Each structure stands twice: as structure tokens, then as C-alpha cells.
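Order of writing sets the labels: A, B, C, D and E. Residues in every chain begin at 1.
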Amino acid sequence: MKKKSYGLPPESIVFIGEKKTEKTIINVFEINSESHKEYSLESIDQLKIKKDDTHYWVEIIGLHDTSVLEKIGERFKIHPLILADIANTEHYPKLDITDGFNFIELKLIDYSLTENSITSEQVAFLIGEKILFTFLERETDIFNFVKDRIRGKHTKLTNYSVEFISYSLIDSIVDKYYYILGEIGEKIEELEDEMLKGPEPKTMDIIHNLKRNIIFIRKAVWPLREIIRKLEMDVRNDTNPLGIYYKDLYDHIIQVIDTIETQRELVAEMMDIYLSSVSFKLNDIIKVLTIISTIFIPLTFISSIYGMNFHFMPELTWKWGYPLIMFIMFSIGLSMLIYFKRKKWF
Amino acid sequence: MKKKSYGLPPESIVFIGEKKTEKTIINVFEINSESHKEYSLESIDQLKIKKDDTHYWVEIIGLHDTSVLEKIGERFKIHPLILADIANTEHYPKLDITDGFNFIELKLIDYSLTENSITSEQVAFLIGEKILFTFLERETDIFNFVKDRIRGKHTKLTNYSVEFISYSLIDSIVDKYYYILGEIGEKIEELEDEMLKGPEPKTMDIIHNLKRNIIFIRKAVWPLREIIRKLEMDVRNDTNPLGIYYKDLYDHIIQVIDTIETQRELVAEMMDIYLSSVSFKLNDIIKVLTIISTIFIPLTFISSIYGMNFHFMPELTWKWGYPLIMFIMFSIGLSMLIYFKRKKWF
Amino acid sequence: MKKKSYGLPPESIVFIGEKKTEKTIINVFEINSESHKEYSLESIDQLKIKKDDTHYWVEIIGLHDTSVLEKIGERFKIHPLILADIANTEHYPKLDITDGFNFIELKLIDYSLTENSITSEQVAFLIGEKILFTFLERETDIFNFVKDRIRGKHTKLTNYSVEFISYSLIDSIVDKYYYILGEIGEKIEELEDEMLKGPEPKTMDIIHNLKRNIIFIRKAVWPLREIIRKLEMDVRNDTNPLGIYYKDLYDHIIQVIDTIETQRELVAEMMDIYLSSVSFKLNDIIKVLTIISTIFIPLTFISSIYGMNFHFMPELTWKWGYPLIMFIMFSIGLSMLIYFKRKKWF
Amino acid sequence: MKKKSYGLPPESIVFIGEKKTEKTIINVFEINSESHKEYSLESIDQLKIKKDDTHYWVEIIGLHDTSVLEKIGERFKIHPLILADIANTEHYPKLDITDGFNFIELKLIDYSLTENSITSEQVAFLIGEKILFTFLERETDIFNFVKDRIRGKHTKLTNYSVEFISYSLIDSIVDKYYYILGEIGEKIEELEDEMLKGPEPKTMDIIHNLKRNIIFIRKAVWPLREIIRKLEMDVRNDTNPLGIYYKDLYDHIIQVIDTIETQRELVAEMMDIYLSSVSFKLNDIIKVLTIISTIFIPLTFISSIYGMNFHFMPELTWKWGYPLIMFIMFSIGLSMLIYFKRKKWF
Amino acid sequence: MKKKSYGLPPESIVFIGEKKTEKTIINVFEINSESHKEYSLESIDQLKIKKDDTHYWVEIIGLHDTSVLEKIGERFKIHPLILADIANTEHYPKLDITDGFNFIELKLIDYSLTENSITSEQVAFLIGEKILFTFLERETDIFNFVKDRIRGKHTKLTNYSVEFISYSLIDSIVDKYYYILGEIGEKIEELEDEMLKGPEPKTMDIIHNLKRNIIFIRKAVWPLREIIRKLEMDVRNDTNPLGIYYKDLYDHIIQVIDTIETQRELVAEMMDIYLSSVSFKLNDIIKVLTIISTIFIPLTFISSIYGMNFHFMPELTWKWGYPLIMFIMFSIGLSMLIYFKRKKWF
């Protein structure tokens, strides 16, 4: 979370975050029971709303130009605090159920398996009676599948209402979480295999990275549980066919959270395994040092005795002195080895 | 959790998991107050439902052929989202109480004591008014006992309704959890005995495996608590004699969860004991190294002094020089030993 | 928890546990406002119930002969699932409030201070309107005090109803928990004193044992909190004078649980102290090794230089070579000692 | 918690604890809107209660003589279980709101900054309509301030009811907790300063002591939260001016608990700092050993080579052999030093 | 928390804390729909309240002179317990909703990035119908922005009521928390970069400092969650336009708390990384020691054998004895190196 300054009135619409696209793009999907139209606008002022039962999905890509937000706010009577939340792309997931519009803010997550790193973007939804605004920081392919279904490719949308479209978009985002957790799961399995070969310093970094990624995803996903539950309750009151869809989505979110918790435990477990294998390896090394030192230090002492230059050292003149001392040293070394073996030191 | 792709509509019935059987088998039990019939079907289309009070248990083994699911969905008006859940064998335990059918998904767990490994499969139940569908990934003997009771072997079922049959099947599954936890309990005791002999690297692996197995079982069992509670409440409203059975089952689940938590604590405790015994052993080794080094390093220094080749070293020419120095060295070594003994170093 | 087999119908009355007594003993206390009678029965069939306000306490000792349970079940219409719970002595504490009988299952705990080990047995209560059954695995003296009060020794029971007798019996059991925790408290204090003398390997075992014992007691006591609370609520509705007794009992259970939690913290604390004292001792040993090695290794190197046999080593022929080198070595050793002392290494 | 015996009826009034005073003292404060009287009684039988609106505070010091309790119990119809709780000075804080009397039991804590040790005593309150009994184990000055306010010193009590007096007494006790936590806070700061000088073994003991003291205080204070909340609720229903006082007291208790939790975290933090500083110091020592050994062990080997007595060792006869080898050894030593320096080993 | 004394009546208005300003300053903002006035007072007695719809914000800076508090208390009928809380600047955040005034106490936090240290001050709010008192310990610039908005600079306040002003002031304080957490976030990132260069002892101190700072902020922020929620609920009942503002503020507080928790996890994570990198470095050093010692200790032993002065050592007289032994020693050293390399010791 970054906040460049404080002391601004809470309603200020200030873009917080990196500018991720050059120009603000405005795509409109105009859908009714018979057909659908698709076009881009230069400015939000050009948007014309028909009075019949046509539904509109207005996709706005790029948030750095806050004037678009201001215009939408004026025309559709959105509270400035909500516009401020849209502009603040560091905001955490939230849901505001108001009279005119339901406001939803989610995190779109992307995971790079090779770099083991997470990137995230904000998506905001303003769901009105017949109009849906989505706000993205930059172009992404996450919504293409829903667009294709609107266009009639693959399986056509059975329900062209903005409520169903927004459900489908949120479902795509949650599906992406699933997918990413699947990839992280693969990364964990990969790591487990690698760890069998023995611990390496970089393994540590990967585990720490995984941990941080999981903290990050958890932070993005956790609030969704409450958001989807509230959406389900909001929808249920209306005896809406969407009810079962939101219940299904809620189940998915629960399972995503469950998977995150399990992966956290597995990563913590891996960390333990890693640390204990590092310590085992060190123990092995220390044992070898101990055994070698413990055997040779006394032997070296003995030989250093007979390296002394005293004039009167009777053993030195014995004919069998040298073989005898060699035999004694060999016996000492051997009995120490046997002793250590018995104590299961190696 | 694995998800091969994202961007599918949520209602897609896609088989997720390994294919564990070649052909989809359909077994039907036709039961009424007077008799029971048992037969297999080639296709679900052949299933004929009588209008009297006959109850049907349709067992479907093998889920990779999703056309069976689709046919059942069409004929019995099952929501596609539920069919999608049945096909997704990576789903976690859940309960959906809907108008037509109650939908239950559980995990069937198997534990191999010798390999200390857990395998799991999904079982799905669709419990209608007079018809029960069970979906398994592959043939298993877990339901044989209930089948035998239907056939009148051992103690006959007192109640031939599909509600009672599904209760009995779920009870068998929970009984299996009991049994597995008993085996894990034995493994833990076995380990405790082994640990008394001294720590070995493979003990670590076994403990970690146990930990992972317990995490796994916990994940499979935890949601059952809520599921059984809801089933009990659902049944209680109907002043159903099943009430007390589900209460009993709920008690069992609580005890299973309780046992899992206790085993987690015990395994964590064993890990602590293991680590501290490893560290004690290392301490012992280091102490020996220290004592040997601390005694012989100074002695070697002394003898190396008299190995110097200075021409004027009066001690070297003394008649008693050698015995004297030997005596001094012996005294130093002995006093160090006594000192270490007093300090309780060994 | 052990379960020898799975696949039995849930109502099977199977004795699970060790057989702890040879013969099943049946003692009956027949109490009314004027007198009390006390006799043993060969078989439960001999039990005769008067229609007046006489209350009966039937004590059954030994559960391996499940036929006794079956007979009681038939005659008093106890649900087979409850009988199965009585026979399963591995069951955890539970309470079933049913129409005819209240069913309570508790753990009776015993602690041996010398062996620092816990043993446990099951006690089951079936509390009917005027009859109380208690089921024990083997003879124990825990109920003697209540029996004496019935017989009029010490302070006579003010209330001869089976509700009050069962309250008194449960109170005795909770009192025993108190007593055991007091003994464990003493063990902890004893250990604290011993630890002051320095760490010893066996201390570790005792701490681990304490930890396990506390886990065990906690598991047995924890569910009682809920059980006593429910009993209190059950009784309170009846504006029963027992209300204040159960409230008192509830307070005791809370205090027992509180003491268990405090003892857990203290034992965890002791473990920390123990581990840190072990590590301090090792540090001390390592410091001595370091100081000795660091001083003598360079000195030995110097003396080994003058042990070289080069023909041209001018120092060797100097008259003061030997004293000089001895002085240099002494100075080096001394300055190292001073340096280490300054760095507070010893 | 100690319990010398089990098997007593729950209503037995048995003094549990150390006898802390010789004689039981009974002080009476007789207060009404016009004046206050203060006198001591030999026996509780002498207490005379006027029928007007006079309030009585009866202070009983010393609990080993349980006959006083029994007499109060009989005369004021206190339930024997409450009397038993008063006599059991090992009881934890509790509140019983009954028809006649409110019963409160608290812990009075004292902390010795120099010895870093906690002592505790029990205070029991029996608050009737116009009479308040307080039970103390021994004389203490904690209530002097309230007594002085009754006597009219400092600020006079605005409200002479026993409810207000008992509130004031409880407030004094909570104030003492505040004060003690302040002292512990000072001890923690003192320790932080000391720790900067480097770790010493006794620091460990002080930290452990602090930890234990905080566990102890926490155990005594925690139940007060609930007790004060209930007292506040009890009082609030009566639209009593005491309401805001108890709310204030509740705030204080919350802050005391909050401070305890923060101090726990700080002490845990200090423990971490301590352990890591110990391990840093050991690392430093080990590094020195390593550097010295790693440099001199190879050098000693080289010089030992030229100490061998082979007849044919050409180097020995070279004129520059000795300086050459000295130079080689110096170069090896120096390059190792540089290597270690580069690796930032020292 | 410090409390200099105990035994004071709870209503005593005693200044607790450091005196942070010399003189008590009283600033008044007099605002109505048409204009605003701004002036300072010497004494609170000079404050004149008009009966029209003018709102007053009275800012009091400096709390050591408790007579100001007493005067306000008398004139506006503030309960002495609330005044005592204002004077006690060590109090934790709290909210009292009373009949006349709402009382809020918050912590104003400041963070110095360079010194990585936190300072805190208390701000108290007394919000009446048309009058707002704020109490500060010393002059601060946190409220300047709101003052500027009252004065009409930047964006003018849309709502001149004291409720809105107090909301704006609290919002500024929460904004400051945001800002500080942003700075701590930067410090964490800075540390992460530094840690890549290798562990240094001072890193430890910085991490511990961060931990303590986060504990501190958490303690100050946590109670706000409940306070803002209550304020929102209080306001919501009045169908007040402030409702959405307080909801927004509540969202901010949740996000601040969320960020604190994430930062705690990250700092804990960094601590783990730091400790493991320290231990890795030590392991590296120990490995080098082990390898060097393990290779040279046996070699030195061999050479010391041939340094013995036995008269009969045939090898010494061999012509190729010296080269042979050198070759043997070289072979032993080399094979040990290869062995260690294979074992991946370096």
C-alpha cells in the first residue's frame, strides 16, 4: 500500500498506482434478446442509452485519466467516494451495495511459473439496472472468453442481462485463481522432487517466494468470500435464477481459500523439511570432522612425542620401537573407529 | 487441486482427475418392503422407474464418460452446475439441499500402513424422493457391507428407504475414517518405540509423511462436520426416525476430528522429541571432540617444543628430561579430564 | 482411538477396549426418604422396581459381557446406538438428552506421580426418572464416598433423588481432576527445582511426558464444559434446587480447564528454559574448545617451524634462540588470552 | 491450584491455602447520610443491624477459622457452596448474582520490582442490600484509601451505599493492577537497556520470570472482564448512577488486558532478541576458531613435512630452503586471510 | 502505560504523560452557513455561544493545566470520568456515546523513516450538538488541512456542521496512518534489498524495531475499527448523509489493519530469511573449517610419523622415501577433496 500524500479530502479522485496503458480505451457491448453490437468510443459523452430492454457493458481500460471517472460520476450519479476507490488501484477487494449501482472491486492476479512471481491488477465493477461498467488498469485477455460467449462463439450466454455478464466476469477471475493455485501446486511438487536431491541455498529463496506469493494471493482472495456471500444474499432475495450460480461461485471461493490454506501448510512443512535437511547435512559434516579429528589428534600427539629430541629416550634405540609404536597407534585408531561405529556415529 | 484450463463456462461438465476404470458400470438395486432386485444396465436409458413405493439405488462407477451424467441430468432435472461438480473429482466435500435432490460429495480415503501413504477418491450422492444415485471413480469394497445388508446377509436393513441407504453408505465411509485413524495411531506408537532406539534420518521422513497425511485427512473430513449437521437438521424437521442416526454420525465425525487434532499434536510433539534427540546426539559428539581436542592440542604443543632443533636446549640433555616431560604431560591431561568431569561434560 | 474393524452396522453393541475385570458385577442401591437398601444381583433380570417414590442406583461393573447391556436396552427401551456408545469405551465424553433417559459418558482419570503416567477409564450414566445406571470398566474407589454418604456416614445426602446422586458422582469425578492437576502442578514445581541443578537428558523425557499427559487430560475434560452447561440448562428450566449445584460444578470445570491451560503454558515455558540451558552449556563447552585451540594451534605451528630439519636455519644455532622463541610463544598465548578475556569470551 | 484431598461433599467449607494471619479480625463500618461509625467485633454474633437506611461494611480478615463463615452463612442465608468458595482461596475470579447477595471473588496482586516476583491473595465480596462483607486472607493497605474517603479524608465519598463502596474497593484493586503493570513495564525497559551491553545468562532467568509473572497476572485479570461487564449490565438495568462508573472500570480492565497482551509480545520479542544475540556471539567465536584453524593447520602441515627425518630430502640442504619455505608459508597464510576478508568472514 | 500512583478516586482529573507544550492554547472556529470566524481565547470562560445555528470548533492544545478541563466540565456538564480520560494521555482509543456529548479518544502517530521510530500523541474529541472540542497534547500540523478547508482554501467544506468537521479530522488522522504504513512498507522494501547483500548484525536491530513499531501502531489502530463502526451505526440511524463517509472511513480502517497484518507477516518472514541466511553463512564457514581440518589433520599425522627419531626406521633411508611419502600424502589429500566434492560439501 502506498499513499503519496495525506491531507486530501476523502472524495478526491486521485489515480494511485502505476500508469499501465497509454490511452484510455472505452469499449461498449450493446446486447438485447435479439442481437448484440460492439463498438469503441472516444469519450464517454458519446455513450447513448436506449430506453428499451437493451443492456450495456461499458469496458474502460486505463484509469490514469480521472476525467472519464468524473464524467461517469456526474452522468450516472455515482458517489465521489466510490469514484475515488476506483481510481485508487491499491485498494483491497470490496463490495458496496447502494441504491443505484452495486460497486465491486477485485484483484486480477497473474502468476509466472518460471519467475515464481505474482503480479496483480485491479478490476472494478459498477453494476446498474441495465448498464455495467468495468474498469481495468490495462488490456488483459481474462474477459475474452466472456466476450466470445456474448458474440455467440463456443456456448452462447443463456442470459444477456448485465447481472449475468458481471457474474460471468467474476467467475472468470475466480477461475483464474484456481488455475494459478494449480500452477503453484505444480511448483510445490517440483520443489519437493528437487529437495530429494539435497538442499541448495536457492531452494530457500524459492520457498520464501512461494510463501510471499501465497500471502499475497490470500490477501486478494480472502475478502471475496464475504463479497460473494453478500452478492448471493442480495440476489437470493429476488428469487433470481442467478442464485444457484452465485452459490456455486461461493463454493469455488471457499475451495480456493481452502487450497490456499493447505498450500500454506505444505510450504511451511517444506520449509521445515528443508531446514532439517540442511541441519542434517551439517551434522554429517561435523561428524566426519569429529571422527577424523578425534582419531588423528591423539595419534599425532604420540608421534610428536617420539619426534622430541631428548638425548635419553630409550624407546628410540629399541630395534622394534618403530614397528611397536606404529602398531600401538594403529590399535588406538582402530579401537576408536570401532567405538564410534558402536555409538552409531557413522 | 488441478485445473487444466480456465475460461470454460461454469456449467461445463468436464471430467477432472485420473481415469481410474475402463468402462462405466451401472448397478441398480430395486428395493421395496417385500423383496429386492439387483441388476446391471448398459445405459442409463434402460432404467425404468415404477410408480409404487419401490426405492432405487443406482450405483454409477466411472466418471470419465460424462454422457451418463448428462443423461441423468436431463431425465431427472439436475442443475448442470451440480453435474459439473460430480465430474470434477478434485472438488472438496459439499452438500447442496435443493428441491428435487440432495447432493452430497465426500472423499473416500484409503491408507497404506506399509507405505504410510494416503489415496483418496470422490463419492457423490444424489438423494431423491425414491431414487439414490451414487457416483464412484472406480470399484471399491466400501459399500459391500451395505449391499450385503440389503441382500439380507448379516443383519438385515430395518429400513429400505433411500434415505436410510444413503445414511448407511455415509456411515460406512465415516467408519473407514475411524479405522484409518486407528492405523495411523498404530503407526505413531510404532514410531515412538523406534525413536527410543535413537534418531535416524528416515524417521524424519516418516514423521513428515504422517504430518502430510493428517493434513490431507483433515481437509477431507473437516467439511463433513457441517454437512452432517445440516443433514441432521434437514431430517429433524421431518420428525424422521433417521434423526438419532444422524446425531450419532455427527458424534462420530466430531470424534474423528478430535482424534485428528490430537494426532496432529502428538506428531508435532514427536517432531520436537526427534529434533531434540538429534541435537542431543550431536551435542554428545561435539563434547567428545572438544574433550579430546582440548586435552591433546596443548600436549602436542609441548611435545612439539622438544622436537625443535635448537642447539642450546638444556632440557634435552638432562637425563630425566624425557620422563619428566612425559610426567608433566600426563599430569596436564589428567587434570583436564578431572576438570571436565567435575563440570559434568561427560 | 482404535477400531478393530469397519463395516458393522452402527447399532452393533461391540465391546471395544481391554477387558479389565473378570465378571460383571451388578450392585443396586434402593433409596427412599426413610431408608436405603444395598444388594448385588447375579443378573439384571432379577431387578425389581417398586412403583412408589423409591429411587434406584444400579451400578454395573465390567462391560465385556454385552448381554447385560442388551437386556437393559430391551427392558428400559434404550436406543441401540446409546448401548453401542456404552460398549465402546474409547468414546469421548458426550451427553444425550433423550425422552426417557439422559445419557452421559465421562472419562475417569488416574495419575501416577512416580511414573508420571495417566490412565483413563470410561464411566457411563443413564439417568432415568427414578433409576440411575452407571457403567464402569472395573471396580474403582471413586464412588465410595458417595456410597458412604448414601449409607449415612460422614455428611448424609440431603437429597436422595437419582438426579442428586448422579450430580454427586460427576462431582467426585471432577474433584479427582482437580486433585490430579494439583499433583501435576507439584511435578512441575519439582522439575523446576531439578532444572536449576543443570539440564539432564531425562528431564526432557519428563517434560515431554507432562506435555502428553496434559494433552490427554485436556481431551478428556474439554467436552465436559459443554456437557455440564447443558445439564445446568436442562435442570434450570425445572426450577430445580440442583441448579446452583450444577453452576458450581460448571465453575469447577472452568477452573480445571483454566488450570490445564496455565500448566500447558508453564510446561512449554519449561521446555524453552530447558532447551536454552542445554544450548548454554554447549556454548560453554564450545567456547573452551575455541579458546584452547585458538591459542595452541598457532603456538604449535611456531614450534613445528623450529622442528624443521633445514641445514641452514640460523636461529637454531643462536645461544638465546630457544629461550627467545619460548618467550615469544608465551607472549602470543598470553595476549590471546587477554584479548579473549576482554571480549568476554570466558 | 492445590487440592489436598478429594471426596468431600461440594458444600464443605474447607479452608484451602496458607494461613496468613493469626486471629480473625472483624471490622465494621456503619455509614448513613449523616455520620459514620467504625468499630471492631470479637465475634460476628455481636453485629447488630439497624432497620433504617444505614449501610454496613463488614471487613473480615483471616479465613482459616471457617466458623465465622458458617455463622454468616446461617444468619444471612448464604448458600453453602458460596461459603465454600470463600474458604477456598485458590479459587479463580468469579461472580455469582443471586437473589440475596452478589458474590464476587477477585485476586489482589502484589509485585516486588527488586525480586521480580508476584504474590497474590484472594478478596471476596458479598454485596447485599444494605450490607457488604469483604473477606481478606490477611491485613493489607489496599483498602485504606477507601476507608479514608469514608472517614472524610481527601475527597469524601459522594455516595455512601454499599454498592458504591464495593465499586470503590474493586476500583482500587484494578488500579493496583495498573500500577503493577507500570512497574513491569519499567522492568522491561530496564532489561532492554541491559541487553544492549551484551547477553548474560541471568538475563534469561529474568525474562522467563517476567513471562511467568505475566501469565500469572493474565490468569487473575482475564475473568474480570466478564465480571465487570456483568456487574455493569446488572447495574444498568436499575438506571443506577453507578452505570457510568462500572463502564469506566470496564474500560480500565480492557486497557489492563491490552497492556498485558502488549507486554507479552514485548517479552517474547526480547526473548527473540536475546537468543539471537547469544547466537551471534557464539557465531563470532566460532568464526575466530575457524579462521585461526584454517590458516594454521595447513601451515603446520608444511612445517611438519620439513621436520621429517628422511635422509634424502634435497630441499633441506638448499641454502635458501628455510627462507623460501617461510616465505611460502607466509604467502599461504596471507592469501587465506585476504580470501576470508573478501568473503566478509571477519 | 504508566501510572505514578494508585489509590486516587476514579474521577480525579490528573494529567498523566509528559508536558509537551508550555502554555495551553485555545483556538475557536465559529462557522455558519454564511461565514466563518477564527480567534484565540485566553481562558475558556471567554467563550460565548450564540443561540442560532452557528457551529463552534474549540481546539485546546496542552493538557497539563487541568483547570481548563474542569471549567469545560462544569459549564458543559461533562462527567468527571470523561475529563479524567482526557487528562490521562496514556489512555487507549475509546468511544463514549453519551446524551450530551460523544467522546472519542484517538492516537496520533508519527514515524521517522530515518530513525525508524514511532512517536504518538493523544487526540480527544468531545462532539456536542453544535460544539466540538478537540484536545491535543501539543501543536501539530495534522489538522491544518481541515482548517484550510474551513477557511475556503483548496476545496471548501460542503458541510459546516461539527459532525462533518470531526469526521474530517478523524479522516485526516486515519490518512496519516495510511501514509506511515506506506513509509514502513518502503522501509521493508529497502531492507529486503539490503538483505540480498548478506546479513549484518544491525539488520537484526532494524527488523526488531520494525516489529515493535508495528505492534505499537496495531495497538493504536485496532480499537478504531470498533469505534468507527459504532460511529457509523450511530449516524446511520439518523439517515444522515455522513453515513457513506463513515462507511468509507471504516473501509479505510479495515485496509489499514489489513496492511498492518500483512506487514507483520512480511517482517516475520524477513526475520526468518535473515536468520536462515545467518545460519547459512555460518554453515559455509564451518564447512571450510571441516574440509581443511579433515584433509590436513591426517596428513600432518603422517608427516609427524616420519619426524619421529627412532633409530631403526627403514623408510627414512630409502632413496625414494621422501618423494613416495609426498606422493602418498598428495593422493590422500586429493581423494578426500574428490570425496567431499562428490558429497557436495562445497
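Keep this in mind: a residue touches a chain if its C-beta (ideal position, glycine included) is under 8 Å from a C-beta of that chain, and two chains touch if they have at least 3 such contacts.
Treat the numbers as computed from the prediction; the structure is a model and nothing was measured.
The minimal number of chain-to-chain contact steps leading from chain A to chain D is 2.
At the interface between chain B and chain C, under half of the residue numbers involved are used by both copies, so each side presents largely different positions. Rounded to a whole number, the gap between the C-alpha centres of chain C and chain D is 26 angstrom. Inter-chain spacing, taken between the CA centroids of chain B and chain E, is 43 Å.
Contact with two or more other chains is made by residues 286, 289, 293, 297, 300, 304, 307-309, 313 of chain E.
Taken as a contact graph, the chains are arranged in a single closed ring, with each chain touching exactly two others.
Put simply, chain C touches chain B in their complex at residues 1-10, 12, 79, 81, 85, 91-92, 94, 96, 198, 201, 204, 208, 211-212, 215, 219, 271, 275, 278, 282, 285-286, 288-289, 292-293, 296-297, 299-300, 303-304, 306-309, 313, 315-322, 325-326.
Residues 144-145, 149, 154-155, 168, 171-172, 175-176, 178-179, 181-182, 185-186, 244-245, 247-249, 251, 254-255, 258-259, 262, 265-266, 269, 272-273, 276, 279-280, 283, 286-287, 289-290, 293-294, 297-298, 300-301, 304-305, 307-313, 344-345 of chain C are the ones touching chain D in the complex.
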